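Listed below are the structures to be examined.
Next, two complexes with subunit A in common: one pairs it with subunit B, the other with subunit C.
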Partner chain A sequence: MSLADLQPLMLGLILACAALLVLLVDLVIKPSGKPILGWLTAAILAGTLVASWLLPLEGEVQAGVWQGNLWSTFLARVMISAGLLAVLGGLDYVARVWPYRQGEFYTLLLFSLTGMVLLPGCRELAAFVVCFELMGIPIYVLAAYSKNDNGKKPPEAALKLLLIGAASTALTFFGAALLVGMAGSSRFAELVPYEPGPLHAVAALLLLAGMAFKIGVAPFHMWVPDTYEGSPTPVVAFLSVAPKVAGFAALSSIFLIAMPTLAHAWRPMLWLLVVVTMVVGNLVAIPQTNLKRLMAFSGVAQVGYILLGFLGGAEFGAAMMLFYLATYVFANIGMFLIVHAVAEAGEGEDIVSLNGLARRSPWLALALLMFLLSLAGIPFVAGFWAKFYVFTAAWRAGHGEMVLLGALFATVALFYYLGVARAAFVNKSAIEGPVPVKRPLALAIVVCLLGTVGLGAWPNPLVEAALAAVQGLY
Partner chain B sequence: MSPLLMAALATLAIPAGMTLLFGVVPMLRRTGKPAAILSILAATTVLGIAGWLFATWLGNPTESLQIATYWLTMGGQPLGQVGVHLDGISVSMLLVVATVAWCVQLFSLGYLSDEPPNGLGRYFTYQSLFLFSMNLLVLAPDLMQLFIGWELVGATSYLLIGFWYPKPAAAKAAIKAFVVTKFADSGLILGLMVLAVASGGFAWDAPITPATAEIVAGLLFVAVMGKSAQFPLHIWLPDAMQGPTPVSALLHAATMVAAGVYLIVRADPIFSAAVHVREFMTYLGAFTALFAAIIATVQTDIKKVLAYSTCSQLGYMISGLGAGSLLGGYFHLTTHAFFKALLFLAAGAVIHAVHSNEFTDMGGLFKKLKFVAIAFIFGSLSLAGVPGLAGFYSKDLILEAVHESGNHFALFALLLTAGLTAFYMTRTVVKTFLGQMSHSAEHAHGPGPSMTLPLLVLLVPTIALGWAAGPFATLFGKPYEFHMGLVGYTAIALGLGGIALGYLVYGLGALAFLPRLFKPVATLANSSVMDELWQSVYEIGGQTPSRAAAWTDRYIVDGLMNFIGWLTIVLGQQLRKLQTGDVQDYLYAVFGAAALLALFGGWR
Partner chain C sequence: MTAILLIASALFCAGVFGLLTQKHAIGVMIAIEVMINAANLIFVGLGQHKGAAVGQSFALFTIAIAVAEVVVGLAIVLLLYRSRGDVQVDEAREMRQ
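Up next, the complex of A and B:
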């Protein structure tokens, strides 16, 4: 094997090298110069994003173990964008709170991204599992990054994440082991026979449970609110989207490529999971008073909608799932970054902390409103098209009842999303003066805002890119 | 495309462009005078085009040109058109509109000289919008576009009546006019729906059965009653005099209120098939004519006299159209447009001079405002039907037609109206221009050239248009032959008698018991009995179902919604308890759910 054969893996390789580079620079740099590490990471991520258009990334590695095509590239771009936005948003916070541990922070983040970026291309279980864990393990550490230094509950949050993550991984591995044992091969294409037996279905559903943990499907979602609440907000901004995108990529590649013949087993279960997820996510979001917990349940509910696209099946449904994920990245990271900005100003992380934001920082409030509208699916911001398209996909696949349910819960969701907007626009606050927002954080919020509004005004290019990307899946 | 059609399109594009320009460039609008001059230049261009088109059609009266495109489709079937339709009727109406609009815009420049620049700009923005809307209505190739223009002129009317909106009376009058005409317009919408369902389109000559024609014509006529101020929907027109006087001249005398008459003329194929509706029109028009004329005799506000007179004359036209005289109704529309605009503008010059609408602040103004007085007197004589002047010829056509139709009630009412009209116009002339000079009249100042020129222009058709009845009729493709019958002579006698009586009573102070006789009429006319009637109709017919709907909405619909909301919140709170915070419970959930999934997989 020559080095040129690794060409399709280039994005992952760049990120892995970058992780090592950051670690190396961290060793030699003076403590006062460490904030440069964040900028270095951001620059590398931006460069990688640009490189994804310039490098030839198509092709197979190791005779089909890994496949580079539009599918893997599209997802890589979404994940790298999420990483970049999270890094920019957290730059000042990381430098201020953990001045001596900045290098490790970015290294861990980059390693996790490496796993994610390589995940969608995997066509073989061993590689798949390695990427999956490379993505997951650094996140356990990142979630625990605060230790106990600000009196909150990070260790508990991280421990919950770790324990439930471990349990889920056990389930995934068990399912994978069953499949490999029965098939004698770990290639996706050979994993499930044309006429599968009952044990195949059991294995498939165990794998589904493992994936469901990663993307936060109810009832595998219980770690989500606790972890979101306890972890540092910039980490949560990353954690709330990037692994989800990867999780959906994994779900698609395993279930659509390897297990189409098992659809009779996993589709009804998936249907049930979507219903439970929508109900739990939307209803439990209503009584929440903490913004990050609210966003956690909102995230659970959103996953229900994204799964609707997946359930819509075929190429269109999968493509609309991709579109939804891309719009979700902007709106969700944007939301968390605003929560972060307000919390940084010392106002706390409750809904009431946003009181009077429209008067204090009108632009920040406007951005907040756009993100909320996008998450709620109001015309004409990006989230509207996302919901519209997944509904269309579900409708075409004959899931009219799910469209009805989704529309119903979209109304319920309006209640809690607009509750947040109400705090910012209607409620008054005793505190005067604008919320201070650091430059890189402001930049990240602006990018999220542009993405949310821009894709709302002109969704077509992304829709077409998503449709093209799905071709790579088959 | 023929240059004629291009020119016709320009009569839409130029005023529309002006409106847009003033709308999007507030800097220009707020300059006031420059905006006004720009608007007047645009109106001048439109006038030139209209004149050219009219001249062309006089040479070739039967020509009909159209450019239109379908913009509305229903179930794949083309429905509504947008474009311009040129024939003798639309071209002549275009000229009427353009002439009066030009005169009024020019007159406004002097009349509103005290207006701040901002207000002046706003005024001319509305004026341009009106010109566009009215032309859109006049040139409509089908009923759908006419409807669009109809609503647009209604909106402009609202804006212009309420032009001095800080004045509560003006704001109220604007709302009243809007609500009343909108209420009537529901008939137009319903009529259009019936027409579209029955014929698959909105064409003037849609093929429909006589029974359908009765329904459609009846519904359309409801809208006409609103727009053309027929009893009992006339109540908005007197109040509309709260707008600036040139606006009253243009919208509420000459053109917009005549749109109802124009609609009937255009949709003649539908109306001529609707025999019963036409009979009703003859009666209602005649009744309105008489009713409004009686009220006009007791008004003390010069604009109110003219407003009721407009109601009365519109009744004339409607009655004539009902009796089947298309030419009579339309010709009276034309002559009335000119002489009533002249009367209103002359009245405007008087009001401008004495700063009041009331007769008590006028009197003896002939000496101060000679030209204005002469113009007003000629307008009055034309309106009174003095032989040789325009109003005489058109009124005579209507009377002959009603006579021929054999409707004795209508004929009697209209003849009586003719006498009353002469009487109240004489009264107005006397009270305004003759007799004792009031205090404010002594300080009156004459109008500037921008106000006298329009009067001069309008004076020409007021006197001479009747002589052109022959060529005018050719535009209709109908022969016209002047002949005087018994009805004509009676009308002349009544008209002259009315003038004589008016002068006797108000000029010479004889027969003093007559004005006292009118007292009860005056009390009744100036009371708000009509308004109260409508109020109770609204309360019984409109508010009762509204209250019922409100009750259903509040207690049943909202109740259901509140219940669902309550249920959602309670469910949320209960589900929340599952989130215990203990990692053991979370793991139970994970493994429990995974076991269920696996069991299901094995079962399948």
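Up next, the complex of A and C:
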């Protein structure tokens, strides 16, 4: 094997080398110069994003263990963008709060991204599991990162994430063991025979439960609100989207490529999960007063909509799932970054801390409104098209009842999203003066805003890219 | 083959039982380890049965991953112990329910 054979893995290799580079630079640099590590990471991520258009990333590695195509590249771009936005948004916070631990922070983030970027191309179960854990383990550490600044919450949040993550890993391993044991091979193509038995169905359900934990599908979502509330906000901005994108990529590759003949076992289960997720996510979000907890349950509800695209199946459904994920990245990261900006100004993380934002910082309030509208699915921002296309996919697949349920709960969601908007635009605040926003954070918010508004105005290029990307899945 | 599946399933169920009933963070982690080892048993046992090396090599990967997870897990448990003095999972509820 020569180095040229690894060409399709290039994005992952760049990120892994970048992680090591950041770690090395961290060793030789003076403490006062450490903020440069954040900029270095941001620059590398931006460079990798550009490189994803320039490098030839198509092809097989190791006779089909890993497959580079439009699908893996599309997802890699979404994940790297999420990483870049989170790094930019957290730059000043990381430099201020953990001045001596910046190197490790960015190293862990880059390693996690490496796992994510490599995940969609895996066509073999061992590689798949390793990538999945490479994504997960650094995130446990990141969730525990603020070990001493706000009391007992961070270790508690990280412990919940870790225990549930490890339990889901155990479920995944057991399902994988059954499949590999019965097939005598770990290639996706050879994993499930044409006429699967009951044990194959059990394995499929174990894998589904394991994945459902990771993406936060109800009733496996218990860790989501606690982890979101307890972890540092820039970490949450990353945690709330990037692993979800990777989780859906994993779900698609394992269920659509390896288990199409088992669809009769996992489809009804998935159907049930979508219903429960939409109901629980939307209803529990209503009484929340903490913004991060509200966003956690809104995230659970959004996962329900994304799964709807997955349930829509076939090429159109999977493509619309990709489109939804891309719009979700912008709106959700943007939302968390605004929460972060307001919390940085010393106002706390409750909905009431947004009071009077429209008067204090009109632009920030406008961006907030756009993100909320996108998450709620109001025309004509990106989220509207995402919901519309996902509903179309479900309708075409004959899930009319799901479209009805989804539309109903989209109305419920409007209620709590507009509650946040009301705090910003209607309520008055005793505090005067604009919310200070540092430059990199402002840049990240502007990019999210442009993404949300731009995709709302011109969704077609991305829809076509998503449709083309899905070809790589089959 | 049936014997391996039965033993591994029993071990897995014991792990799930521990996961649901243990109150101590380290106890929960041990329960998870038991579940992962049940998976390893199937990997190795069925791999032997099929005569394919893939099961055994897969077990090496799962062992390595489980170790990495336990290391991070114990570090977090230590962190929690330092901040609150005990690591009972059901006591860790600073956050709203």
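Rule of thumb we're sticking to: the second predicted complex is superposed on the first by the 473 of 474 C-alpha atoms of A that agree within 3 Å, B and C clash if a C-alpha of one lies under 4 Å from a C-alpha of the other, contacts with A are read in each partner's own complex, and residues count from 1 in each chain.
Following the convention adopted for this analysis, a contact is a pair of C-beta atoms (placed from the backbone, for glycine too) under 8 Å apart; a residue touches a chain by one contact, two chains touch by 3 or more.
Keep in mind that what you see is a predicted model, and the values were worked out from it rather than measured.
After overlaying the two complexes on the shared chain, residue contacts for A:126 are found with subunit C alone; subunit B is out of touch.
With both structures placed on the common chain, the touch criterion links A:345 to neither subunit B nor subunit C.
Once the two complexes are overlaid on the shared chain, A:264 sits against subunit B while remaining clear of subunit C.
In the superposition on chain A, A:286 makes contact with subunit B only, not with subunit C.
In the superposition on chain A, A:226 makes contact with both subunit B and subunit C. In the superposed model, A:205 lies in contact with subunit B only, and not with subunit C. Judged by the touch definition given at the top, the superposed model places A:403 against neither subunit B nor subunit C.
By the touch criterion stated above, A:213 is placed in contact with subunit B alone, subunit C being left untouched.
After overlaying the two complexes on the shared chain, residue contacts for A:169 are found with subunit C alone; subunit B is out of touch.
Overlaid on A, the two complexes show subunit B and subunit C touching the same residues of subunit A, namely 159-160, 163, 167, 171, 199, 225-226.
Every residue of subunit B that touches subunit A in the complex is listed here, in rising order: 565, 568-569, 571-573, 575-576, 578-579, 581, 583, 585-587, 589-594, 597-598, 600-604. The residues of subunit A lying in touch with subunit C in their complex are 125-126, 129-130, 133, 137, 140-141, 144, 147-148, 151-160, 162-163, 165-167, 169-171, 173-174, 176-178, 180-182, 184-186, 199, 225-226, 229-230, 290, 293.
On the subunit A side of its complex with subunit B, the touching residues are 159-160, 163-164, 167-168, 171, 198-199, 201-206, 208-209, 213, 219-220, 222-223, 225-226, 264-266, 268-269, 279-280, 283-287, 412, 415. Of all residues in subunit C, only 5, 8, 12, 15, 19, 25, 28-29, 32, 35-36, 38-40, 42-43, 45-47, 49-52, 54-55, 57-58, 61-62, 65-66, 68-69, 72-73, 75-77, 79-80, 83-84, 89, 92-96 touch subunit A in the complex they form.
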